[in-house]
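Note that subunit A is present in both complexes that follow, paired respectively with subunit B and with subunit C.
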Partner chain A sequence: MMSSLLDWFIQPDVITAIVAFGSMGLFFVGLFGLLTQRHLIKIFISISLMEAAVFLYFLGTIFHRELTAPILGDGHTAFTGMNDPIPHAMILTAIVIGMALFALGVSFAIEYYKLTGRTDINKMKEMGE
Partner chain B sequence: MNFKRDIPVRTYSGFALSALLVLTILTILLQSSVEKIERAGDKLLGINAQEGVANAVTSVVVYFRGFDTLGEIAVLFIAALGIGLMVSSHKSAQRHKEESNFILQTASKLLFPFITLFGVYVMIYGHLSPGGGFQGGVIIASGVLLLLISYQNFEVPHALITALETLAGISYVLIGLLGLWILDHFLGNFLPSDISDMGMLISGGIIPLIYIIVGVKVGSEMSMIVQNLIQRSDDE
Partner chain C sequence: MSSIYFVALPLLFGFAVPLLTKLGKNGVAYTSTLMQAGLFILASTLLISTSWHVEIIAINPPLGISFVLNEASLFFVTLFTLLMMSFSFYYMGLRKTDPYENENKFFILINMLLASSIGLVLSSDIFNIYVFFEIAGISAYILSAYKKTPKALEAGIKYLLTGMIASVFLVFAIALIYIHLGSLNLAVLSEHFVTLPHDTKFLIGLLLFLGFGFKVEIFPLNFWVTDVYEGSSAPVDALFSAIVVKAYLFVFFHILYLFLPNSEYAAFLIYLGAISMLVAEIIALKQSDLKRVFAYSSLGQIGFIFSVMAAGSSEAVTAAFYIVLAHSLAKMMIFLSIASIEREHKSSQISTLTTLNSPFLKVIMVIAMLSLLGIPPPLGFTGKFLALKSFTVSGEFIVLAMIIVASLIESIYYFKITGALFAKGERREKLSLTFSQKGVFGILALALVVIGIAPWLISGFVHDASQVMLDSAAYLQTILGASK
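Up next, the complex of A and B:
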């Protein structure tokens, strides 16, 4: 019973579906937070959640169980039967950029709070009405 | 939970419906053609076999997309610059001192060399094993964060960080220009790289060199970001 359930789970289609649904759900959790929360730092955290969902989606969809990591070693001597290295490199770039933007945004939010004492985006008056 | 009044329920149900639609289309697409797609990565892996770098992700990041990585660390630099500028715009006189306890201080003194060593290892072996410049740099910055938390008087040496960062940035561009001069394309692999050396520490020509440079730059920038944010949260 248990092993047949596990066998059903490790089918490629099922894994792809789980990754697609799960990352889409995480993305919409982030989008929901972005639309409903009014605290500045919570908004940045929501954006980070959406980013994480995109990263998970990319890495999950290129993952194949029968292929190895794109690194030689541990008995692999040829670049065959490996997972695609391009999404790994792209996500590596995107993680660094996302982290830098998150740090910059949070520091802007802290600075705004120190200058005005407000964190609520609905009470921002500086942009003009 | 406080919902915003002027976003009606209809908007949310619209979002849910669009999500369902996107999911349906996505699953149909994925199930129909997941086997037939010819991946660009296979071609890259084929080229990579002549390049002499064991970690294909590293050779994609540093070699095939080396110019992108230069832009990426430029973005990181601009973010660090923005954070630093806003801190120095009204610099606080003192971080108010509250000594952390003795256990934390001793443990961080013991741990910091090992964290730095591990970061340098991840950086140098980036072309052979999982890891690389970005990861190693962030590990070193986490060691700096540990010191900043446990010693209230600790300051990252500003001149040293600036010198390291400038040196790393300049040498990245210089290596790229050398490749342009010798091999007629930016970041050309002008150092001798033999395929039979694959898996050795010195292999792959300029690729490990560039990843070490990226690691130094990321480590110094992240240390500055961490220090600026800590100072900021202290001086409220």
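Up next, the complex of A and C:
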């Protein structure tokens, strides 16, 4: 019973569905946070969640269980039957950039709080009419 | 001859700043200006001996990254280096009077901005474009919040938030493109994009539009722009309006022409640009802060460029290139004048112009505003005339009417500003400009007027550039041919 459930679970279609729905769920959690939260740092966290959801979706969709890691050795002598390494390189870059943006955002928010004592985005009204 | 210098040198300069501080108080400023002048000379010599050039980095395309230097990208590279060089010359004069500006990290940021704007224009790999998109973004956010006043930080936070949202959509679009097409090279994508099912194409197109739409400041994704312009310091606004937006506009239409030539969305984009222009000009009427007025005027002009570019015919794109040139030069002059005025008067309200005492700056501002309005002799007229002509030829009379109405509204607030400039009344003591600042203003104004009177001086370059931008078959051939 248990093993047949596991077998069902690791079918490619089922895993793809789980990745797709799970990451889109996470994306909408982030979007919900972005639209409802008013605290600056919470907004930055929400956007990071959306970003993470996109990364998970991309990696989950492009990854094939039956293929191996793109590393030669352990009996692998040719670049066949391996996963595509480009998405991983892309997502690593994107994670670093996302982290940099998040850190920059938080540091701006802290500086702003030190100067004005405000963290609420609705109360950011230094400018305009 | 290598196109990689245009990206590598400014970046390298950024890393070398800690060493260059050993050269003395002004060492970094002088070397930065010198390097930008060198890049401008390099770009203009290439402009004369122009030919297609593909720079391959490490691996051949389609796997590797390549930079494509053709007439179209060279036009933008020359423009960016010229503007950045004039900005540096102006800024050197500004540094003498304000100790806060006397910081070397400012030069790291503007050179990063230059490198990434040029990288955006040259790159032929969509993920590489994303990386430059973010480098340009990060340096722009920091420049925006540079003064660390509550206003500047608010501008920085707003810019950063919209930029982060844009980058999420862009990464999503790139991920979908890779999942469906298995490549990141623009030429390969351009070949296979049409074969995708309609829904996928629509989703990717929508995500790309959302990703770039925030950055190209198109209605309705431009709600953040004016706050950012008002909060940032005026010299930084000059960079945003003259360089950064133009780089994003180029990339947006480069990708559009490659992926969806003669697309059914063109009409939608033309109207979007025209609406963007109309809305921005109407709101600009009510503003009383100079930076805000010209931020809205920027939005209007960018809507205009967007609309003309989206039309996609060869005459329209030629016109768009003229408008890009005229708008960049004029906005550089306007925002740098505002920087001088703000420095002297500690305010950027329109009413402060009535006490401005500098006949030189007045003439400069009037020339720039005439160009923005499209009244001869400055260059703005040529672009606007060609654009309206191309819309007339293609029978887009509703867009034509919208643009003319928007221009009329635009003229109202420009006349208001001109009126304030020449109003009778008490004047302050004379506003002082350094020799290099006057030189920058003089050369930019001279360029606007001379090219405006004699557009045939550059019409060859502009014509070639616009034809090359539309010719996606040649682009494919150059990139994919280079690997064979």
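One rule holds in what follows: the second predicted complex is superposed on the first by the 128 of 129 C-alpha atoms of A that agree within 3 Å, B and C clash if a C-alpha of one lies under 4 Å from a C-alpha of the other, contacts with A are read in each partner's own complex, and residues count from 1 in each chain.
The criterion applied here is as follows: a residue touches a chain if its C-beta (ideal position, glycine included) is under 8 Å from a C-beta of that chain, and two chains touch if they have at least 3 such contacts.
Just so we're clear, the structure is a prediction, and the values are computed from it rather than from any experiment.
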>> Per the contact definition in the header, classify A:44: touching subunit B only (first), subunit C only (second), both, or neither.
In response: second
> Does the superposition put A:85 against subunit B (first), subunit C (second), both, or neither?
Replying inline: first
>> Contact-wise, after the overlay, does A:20 reach subunit B, subunit C, both or neither (first, second, both, neither)?
In response: first
> Is A:116 contacted by the first partner subunit B, the second partner subunit C, both or neither?
Replying inline: second
>> For A:58 in the superposed arrangement: first (subunit B), second (subunit C), both or neither?
In response: second
>> Between subunit B and subunit C, whom does A:93 touch in the aligned arrangement: first, second, both, or neither?
In response: both
>> Quick check on the superposed pair: does A:34 touch subunit B, subunit C, both, or neither? Answer first, second, both or neither.
In response: second
> Just subunit B (first), just subunit C (second), both, or neither: which does A:69 touch?
Replying inline: first
> Once the shared chain is lined up, is A:108 touching subunit B (first), subunit C (second), both, or neither of them?
Replying inline: both
> Common interface residues of subunit A with subunit B and subunit C?
Replying inline: 61, 84, 86, 93, 97, 100-101, 104, 108, 111
>> If we count contacts the way the header does, which residues on subunit B are in touch with subunit A in the complex?
In response: 1-4, 7, 12, 15-16, 19, 22-23, 26-27, 30-31, 34, 39-42, 44-46, 48-49, 54-57, 59-61, 65, 68-69, 72, 75-76, 79-80, 82-83, 86-87, 128-130, 132, 134, 198-199, 218, 225, 228-229, 232-233, 236
> Which bits of subunit C are touching subunit A when the two form their complex?
Replying inline: 127, 130-131, 134, 137-138, 141-142, 145, 148-151, 153-158, 160-161, 163-165, 167-168, 171-172, 174-175, 178-179, 182, 184, 226-227, 230-231, 286-287, 292
> Touching subunit C in the complex: which residues of subunit A?
Replying inline: 34, 40, 43-44, 47, 50-51, 54-55, 57-58, 61-62, 84, 86-87, 90, 93-94, 97-98, 100-102, 104-105, 108-109, 111-112, 115-116, 124, 126-129
> Residues of subunit A touching subunit B in their complex?
Replying inline: 12-13, 16-17, 20-21, 24, 28, 31-32, 35-36, 38, 61, 69-73, 78-80, 82-86, 88-89, 92-93, 96-97, 100-101, 103-104, 106-108, 110-111, 114, 122
